[in-house]
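You will see two complexes here that share subunit A, one where it goes with subunit B and one where it goes with subunit C.
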Partner chain A sequence: MTNANTEEHRKILREHFGITTSQGQFTVALAGNPNVGKSTVFNALTGLHQHTGNWPGKTVDNAQGNFTYLDRSFLMVDLPGTYSILAHTVEEQVARDFICFGKPDATLVVLDATCLERNLNLALQVMEITPKIIVCVNLMDEAEKKNIKIDISALQKELGVPVIATAARNGKGLDDLRQGLYEMSTGSCIAVPRQIKYSPEVENAIQQLMPNISRLIGPNLNPRWVALRLLDGDQTFIKSITHYLDLNLHLTGLQEVAV
Partner chain B sequence: MNTMSTNMPLSAIGIGSMCQVVSLNLEGLLRRRILDLGMVPGTPVQCIRKSPAGDPVAYLVRDTLIALRSEDASQITVNLTKEF
Partner chain C sequence: MNATIKPMITLEEICTEAENFRLSNPNIGDKIVSDIYANAEAIARPAITKKISEKRSWDHRLDDILTSRLFGYPIMLLLLSAIFWITITGANIPSEMIANTLFAFQDQLLTWFEMTGAPDWLTGVLVLGMYRGLAWVVAVMLPPMAIFFPLFTLLEDLGYLPRVAFNLDNMFKRCHACGKQILTMCMGFGCNAAGVISCRIIDSPRERLIAILTNNFVPCNGRFPTLIAIATIFVGGMFISELQTAVAAVVITCLVMLGILVTFAVSWALSHTILQGEASSLVLELPPYRKPQLGPIFYRSLIDRTIFVLKRAVIMAAPAGAITWILANTYIGEISIIGHLAAWLQPLGYAIGLDGFILLAFILGLPANEIVVPILLMSYLSTGQMMDFDSLEELRNILISHNWTWLTAICTMLFCLLHWPCTTTLLSAYKETGSKKWTFLTFMIPTAIAFIVCFLVAQSTRLLNLV
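Let's turn to the complex of A and B:
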């Protein structure tokens, strides 16, 4: 069930995101709030094997790097630092579209251990899109200095996804990170992310929308998440769906569903 | 105590005062942005300082200092918990 070997997936990455992967290479998306040490994690994992450019058609930086672990090659894509992937800045759209339509084999969400509460917002949003997520609690050294203690195993249990503590600056936890990404990408670790329950009215509406959404978009996207975006009235997302999934014919259908 | 009487716009609280978010009367992108920064109903907010012209104003929200325009802060209803 991994993406790495399908020609179609590589074509989507190449044509829509300007990302060229080699055969059998896993793709890992790197997401996180600004200033959480995302770039430190990126640099620590990929070393000098990096190149930077722009996202196709956007003035947003795109850094890619690769590393090898247990004889498997990984291409890591550094997404823009954002607090959310639901508002409509270009950066957030880039991050959302890549996680959603680029279908990375794993998405690594880096959180700041010193302000976990605020950072978890992004992790919860990604957890609604994909179960292939690993949470990295970075800046553990900084948290220790501030006397903040984080119960990693409790957090992991609460979220239902692998949680790894790191202090990327000092190289701590990087091996666990590589191992986690390996297990998630190869499918030997399957996460069941905790889903946010909304009010009965919203949940009802989701249930009503889901069958139609599944019929229109097939297995490409998580129908629950699409239903939530439609209920949000998120026009940019409808545009992205038609763009990435080549569903022009269904545009009117989707808008009908939205109404 | 009548709690209704202490409801006011966030823009009206003075430096050092603490309050709790009651509701956001904002829509669309800005509403989403404010929510993403952790300002949901019930969140404690403290007014920290004002810029020389009195706008924007810096507020402490969940250990993070956030500057808001008065125009936007006036759309956030809060409940004063400690007047300074």
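Let's turn to the complex of A and C:
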């Protein structure tokens, strides 16, 4: 199932994120830590077809650009560079809300090959929200200079999502990226992202919260991830979830019959 | 009835349930973050091979020491004292040279004014007021700044400051404040107004307010010269000359520590009273240690910081010098205006270990803390004997002849450290908070603390007959 054609999805993008897509156009979110060459990837893929603005109601830059691959049009949304999406900053909140509620057809997470371990934190967090994720290990050329070797296929196996090596400055790996985004967006590639294993006390709390969360939010969001955010006491998330899902904190009228 | 009616669960109920988990396990947020990191490490390790990892492990080993529980704080203290020691030692000689040159020029100016037949009041306002104020500010402020700022920028460039934030994050969290507050405090060492503006990096409005309200407890560059001068001539002066600067450096370090302690205490008090809330966790990147680039360090610290702060001080010092001279030389009855004001402030000043003149100097120094000492000297000198203050030794004599004791010195330093912020800082606080109430508190909290602390110190010392 892809989002690209549903009118409802386009409406959400337009009204909540100020993003206008044309009919049948895929939306791709671009995430990554600061200084990993995210903008280089963005520029390399979209060329001159860009425009910049602000996220609605936020003083955070928002750049969009489009490109066409195999006769399908893609709108790429450059999210602010963040180390995590645990929403400690407005930037992280913007990135999280778009990946979570904007439901892009694919999310491309750019990682720095020279400090992969730290960068993986962001990828793992995105993988908790959506299975439609592609990991791009950028700056492979710099890693090579520093004698760092990365086993891409092993990483792909570990993560359970497509992993593509690039050196965007030299234009290496860009075709693979386009191909990967195409397959992820059209649904011809289905990833099963590895989920983070938490300590027993966290897992225990998640298990207890999850049934109620599933009942409340339905299939829209990963209940496990929602449970984690609530355990984290993330007030901005509660605000966002209420806002986007039109849930009311004081919604008490509805009742369901249990046997 | 067999079927039970179970109400549809609400988000609020789930939130309450989650809240209960958090209450029973307050570290669950940290646990989640550290689990994410552990997972990332477990995944990355088998996929990465490094051939030469020596350089990296050197980095890591250094981090292990600099941010360790055992050595983290002592190293921070040691570095801080070392910076102050180098600053005080290095500033002494150029300070004296600049002072000699500038005050020699003052005599030259006086003779020129006499030659042109200018009226006494004009000579007074321009030379004895304006020029002398300026000369003092330049002579006393420039050398320490020109040494302190490059040293501080060097630490910044080496990548040490993020480690300081890392070390202190836990302390701030205990006070329910943000670890980034230490970075705004570091900025405050340069200038509290800049420190207040830098509080923007803190995202939680509650934590940002705490940082703004407490920034003033870090002594800014305008107050350092005052602290250094008094510490050197008074506290250091009680020891043999070889030890003087070292003792002064220790005193300054202790004062800075006290300021930081007060910051913690006030942050804690605020977040348990009018600014209640939990601390948000902080993701902090420890950047790799870099080889410092000396050119940019000197440019940034000397042009961007030293000259900037000096310019501001000079702009404030010139009119303040003129006004003080006028106040000190306009007589109502037998006594000058400044004498009247000081006499009126004397009981309050005495109660907190100062005197009327010192308190008046702090009040007149509201536009810029740099000019407190020049104002004080000018008002002391206008009360009778005329003295030139060519050196710190002269300054010591002036102060002692005005009944300074070590208690006066201690209380002046404490008051200088804790008292109200300058108008520029208050204006920045108003712009950043957009509220008169918070600006008022930015003024009131330090003022109240300064009076209370100095009062307690002065009274208890006198009760114990130590002075």
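Basically, the second predicted complex is superposed on the first by the 247 of 259 C-alpha atoms of A that agree within 3 Å, B and C clash if a C-alpha of one lies under 4 Å from a C-alpha of the other, contacts with A are read in each partner's own complex, and residues count from 1 in each chain.
Everything below uses one rule, namely that a contact is a pair of C-beta atoms (placed from the backbone, for glycine too) under 8 Å apart; a residue touches a chain by one contact, two chains touch by 3 or more.
Just so it is clear, the structure is predicted and the values come from calculations on it, not from any experiment.
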| field | Side-by-side fit of subunit B and subunit C on subunit A, or clash | value | clash
| query | Now for A:15: first (subunit B), second (subunit C), both, or neither, which partner does it touch? | reply | neither
| message | Looking at A:228 after the superposition, I want to know if it touches subunit B, subunit C, both of them or none. Which is it: first, second, both, neither? | response | second
| message | After the superposition on A, what does A:118 contact: first (subunit B), second (subunit C), both or neither? | response | both
| field | Partner chain in contact with A:175 - subunit B first, subunit C second, else both or neither | value | neither
| query | What is the contact status of A:86 with respect to subunit B (first) and subunit C (second): first, second, both, or neither? | reply | both
| request: On the superposed three-chain arrangement, identify whether subunit B or subunit C touches more subunit A residues. | output: C
| subunit B versus subunit C as contact partner of A:61, first or second or both or neither | neither
| request: Kindly point out the stretch of subunit C, out of 9-17, 63-71, 315-323 or 369-377, that overlaps with subunit B after superposition on chain A. | output: 63-71
| note | On subunit A, the footprints of subunit B and subunit C overlap at residues 83-84, 86, 88, 117-118, 121
| request: Quick one: which bits of subunit C touch subunit A in the complex? Just the residue numbers, please. | output: 3-15, 17-19, 21-22, 25, 28-29, 31-33, 35-37, 39-41, 43-52, 203, 278, 280-283, 285
| field | Interfacial residue positions of subunit A with respect to subunit C in the complex | value | 83-84, 86, 88-90, 116-118, 120-121, 124-125, 146-152, 154-155, 158-159, 194, 196-199, 201-202, 205, 208-209, 212-213, 215-216, 227-228, 230-233, 238, 241-242, 247-252, 254-259
| query | For subunit A, which residues count as touching subunit B in their complex? | reply | 83-84, 86-88, 115, 117-118, 121
| Which residues of subunit B touch subunit A in the complex? | 29, 32-33, 36-38, 62-64
